[in-house]
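The letters A, B, C and D name the chains in turn, as written, and every chain counts its residues from 1.
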């Protein structure tokens, strides 16, 4: 950590900071320049999170040198984490396609989509039972009934299930019915939910918040890892910008950055990034080319009747085309699609 | 609602949409231009939230005409809502200053700050017991112990208390100890929490999400209002942009827009918008001048020892200066500061 | 165009708008709903650009239906434009790699890089003679001397040259020395420069502004096309967001959107998007996978000595690796790299 | 300047950086920690702009300590700059209202508005002769004819004139006709134009780019100051965000920050920030309260007939109300409105 003092900082101001650093176990190194006095603090910077210096008089700026996350970093663990979803691997040499409807609507619907996907070699199905919706007037999901339908799909087809958990309160319930707990973009900094999922023994799919930085995503993962759950899958799903053609702006750079900085697997959600069907296959191809470990996409046999996000649901024929294209790019990248 | 069809849309595409509109009780008006066919749909547009048209083939764009929120709108209720916080009014002709430490740290700390504020005429004190922190290594608040200390302040000083509730799970607990439930920026779209607070009988201070639009803020308020709780105070606290001098960018325009579009009171949080002490009084003055109903600011007698956000805490002398300046601008605006 | 009136709009307000529409040659269609009166205006919406209605009393909102650009749109010209750069094609079935140093620094430097690139099969070289720099203290380019060096490279190697033109004033000069005129991100809305380049007979490489929407990019292209120059190559180079790992956020979705909406070729600049070398090959692969017509990248044999942007310059070995990867993904996409 | 090395940096990497620093006249201070080696470089950091270190191997991050701007900074000049516009002062104890139409449309129009404004005590009139328009189909201004009309207003009324200059090419021409050269938001980083205006002897009104940081605004001012023109007036006019109610998001914090960091006067443009009339008076009040040195607003006696931006033009009665409100807040701030 580097502390830069204001030109007008007094010796007393500097002394006070030096003392505080010593108190918390860091080693200060003072360097007086013509224009500024600078103090380097050597030691575990996370100590400063609990004893912040921000408000000390005379300080102009505090510059962290070390990364604020540890367990999520590649410095902590060099080997890629491969998450085992009850026998299905995410990460490593496979490229995982998770697919399914936006929302669980009926038994007929989920089973039909499940069988379709299974035939295409998909092993993990998505489907929302609890839907976070901007408007209170929009369809909010079937809730518990939806969970039960997902459970039925699981036992009938052997597909693994990922579904969103909205709240620490019903995380246990969700964990009883599905294989992967999804933490949605709006909840990436719902810290109670992160901690709760960290205490459950289920892989977690952690979506990046729509206005979160990649570093904040790593810190959200850190909350889960710290509780002892190491099975975290990151997900880039687009961030908010001023662009209006797309629902969000897919930050494809997040993929190679996650690979540099972290050992956790990362997948891409082209459906929510795009917000409309036509460009989803192209974005899926970029996910493979960027080095992602998979994608999660929305599929519906009759998008016109979908109760949510129909405009971004792939039809069955779209999905077949997407899989074909994904497979061809994956082959070049040395990955097997499943 | 206006539905614009693609140039290549067929009669069958158009017919299907017309029929669906009739099914859900809306009246379609077709208008065929040279370049595009357009369909106007007359009726309650919120019906479409449950039966979306987005995925119908042939549609290029769907343009809502009516606002997606109702209860929060000025069209629904023309008179300004004045929230009664156990005898202290927020809204109307008063300009309310809520102040206090970022976090409850100790009995000595909260009582000292409470007495200081009370002497200055402040009637509502803020203070966090549960702190949402980006890093898991940062101070997370005293929790239940913090709530008890706030309760003690309340009974000793008569100050009303506002504190953040992080999770639907412990909303009941928080409601037992304080007067106003604060929903933080990161939780503005935590819909379970919104609904829960809508069912409690406590005023709610609803902060705008750091990347939420004003319309999304109104829709979040709508979740609370729909559950029967009409005592919602909006709060503008800065949005995320690429600017780096400030922690967030205070969107001061949100104040006059809220006054045009909604009947709910709106206050401003200059502390979190700025992120550093020096410009907070200036931002507080702009809040008054913009027509806000109050501000919420962080105050600490010894910011260097504050366990969180010390750099944005006003010292006692800063607060006195701020109050003086706020009072002078408020006088011009015809408002009484309390 | 759809005009939505306020609930309180009077008959007179509506009448005035109807008359104005008739005056400028559009056909109005009135539709009175319970909540709102709506007016559809049929005809060429670009007429409204010259006779705007925005300020008419009683109007709540004006919604354009047609696209504001014409010549750049795929509706206007369905076939992909292939730009002929003095015999080298950009667009169609080739994937064009433009490469070279950030800035022209010396004869030795540009010639060495030129020969290196030529051996690798590159046919278009980039290199800045005039450098737009945020700080006036930074290296501003060699200017005319730089142009002459580029000219020399051109005649010695046969490579085509792309370089930035900063100002309408010296566009003629630049056009005498190079093959493609680059309009930089900061100048995307320098309308005098756009018009000037539209009047020159040189292909134009038009970079998207760092905070421009894709639609604004199309409109900037429209300025050039309207002057009679049809050889416009679009370039996505990243947009400004709050993310800090990267210099800008590569909006890879712009590629498939440009392919849907426009006939113009589009290339990607992964160097400026990333801002650091390590992730540039990954982003180049995504460009190919997204369907782009090429990339433009920075290369330097000794980045440590580069006078600008050395941290994002690929070393020779990096470039070889990138070309190899790009070729493999291009093969899958049915493209030949040149 | 602080240089942080990667954990894997070798002694040779570090040595090379140390040598380069010495070469360019800076003094290196090495500090080896457990986790990272850090190098402090003492001396004029602007030297590094010409000899960048970014690409040296082994470097993880370079952190500037000093500000990249000098002449624009308050450290360089402590006293507030007051710009003298041919006898009318901007800055200091006056609060300057610049007002006028978006575009010059006719002699009758500019003279009528000029006389109206003069009667209200306004001393500087705005009006565009060259209009930068996103769409090539929109009204582009009267050009030279417009300049002549402004010149006529100046001689007939004695009002000082501010108008936009789009291009270095015609800056001389514009300078012959008006008192203040406005550099628009889209041109804030048109460096040729900045330099040209720096060489002219006319005050410059420099608008912040819609996606520029405040620091980039200071650096743009630095370009002008370096050429010897010290009469620069900064202007905050809103930045691009995802918010849609307003055309741009007024970053009101830019005002107190400019006052802290720079000696240059700063005014606010509430018209372009808002994009619609109703909230402009409220934003104008916030400008005064924030400590700005003035505002620039659009006024038209018949906005319905305005050829551009009519929806954000104040009617005469709106302007009177605005002036009244501005005067009352200015009195509290100790400012005289002119």
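Rule of thumb we're sticking to: a residue touches a chain if its C-beta (ideal position, glycine included) is under 8 Å from a C-beta of that chain, and two chains touch if they have at least 3 such contacts.
Keep in mind that this is a model prediction, so the values were computed, not measured.
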{"item": "Chain located farthest away, centre of chain B as origin (C-alpha)", "value": "C"}
{"item": "Chain pair showing more contacts of the two, B-C and C-D", "value": "C-D"}
{"item": "Approximate Å spacing (C-alpha centroids) for the pair chain A, chain C", "value": "31"}
{"item": "Chain centre separation in whole Å, for chain D relative to chain C (CA means)", "value": "26"}
{"item": "Computed distance of Cα centres, chain C from chain B, in Å", "value": "39"}
{"item": "Per-residue multi-chain contacts in chain C, two or more chains", "value": "211, 240-242"}
{"item": "Of all residues in chain C, those that touch chain D in their complex", "value": "16, 46, 49-50, 52, 54-57, 68-69, 132-140, 166-169, 186-187, 189-193, 209-211, 216, 219, 222-223, 226, 240, 300, 303-304, 306-311, 313"}
{"item": "Residues of chain C defined as touching chain A within the complex", "value": "211, 213-215, 239, 241-246, 249-253, 255-257, 260, 273-274, 278-279, 282-283, 285-286, 288-291, 328-329, 331-332"}
{"item": "List of chain B residues in touch with chain C within their complex", "value": "2, 4, 7, 29, 31, 33-36, 38, 40, 42, 61, 63, 65-66, 75, 240-242"}
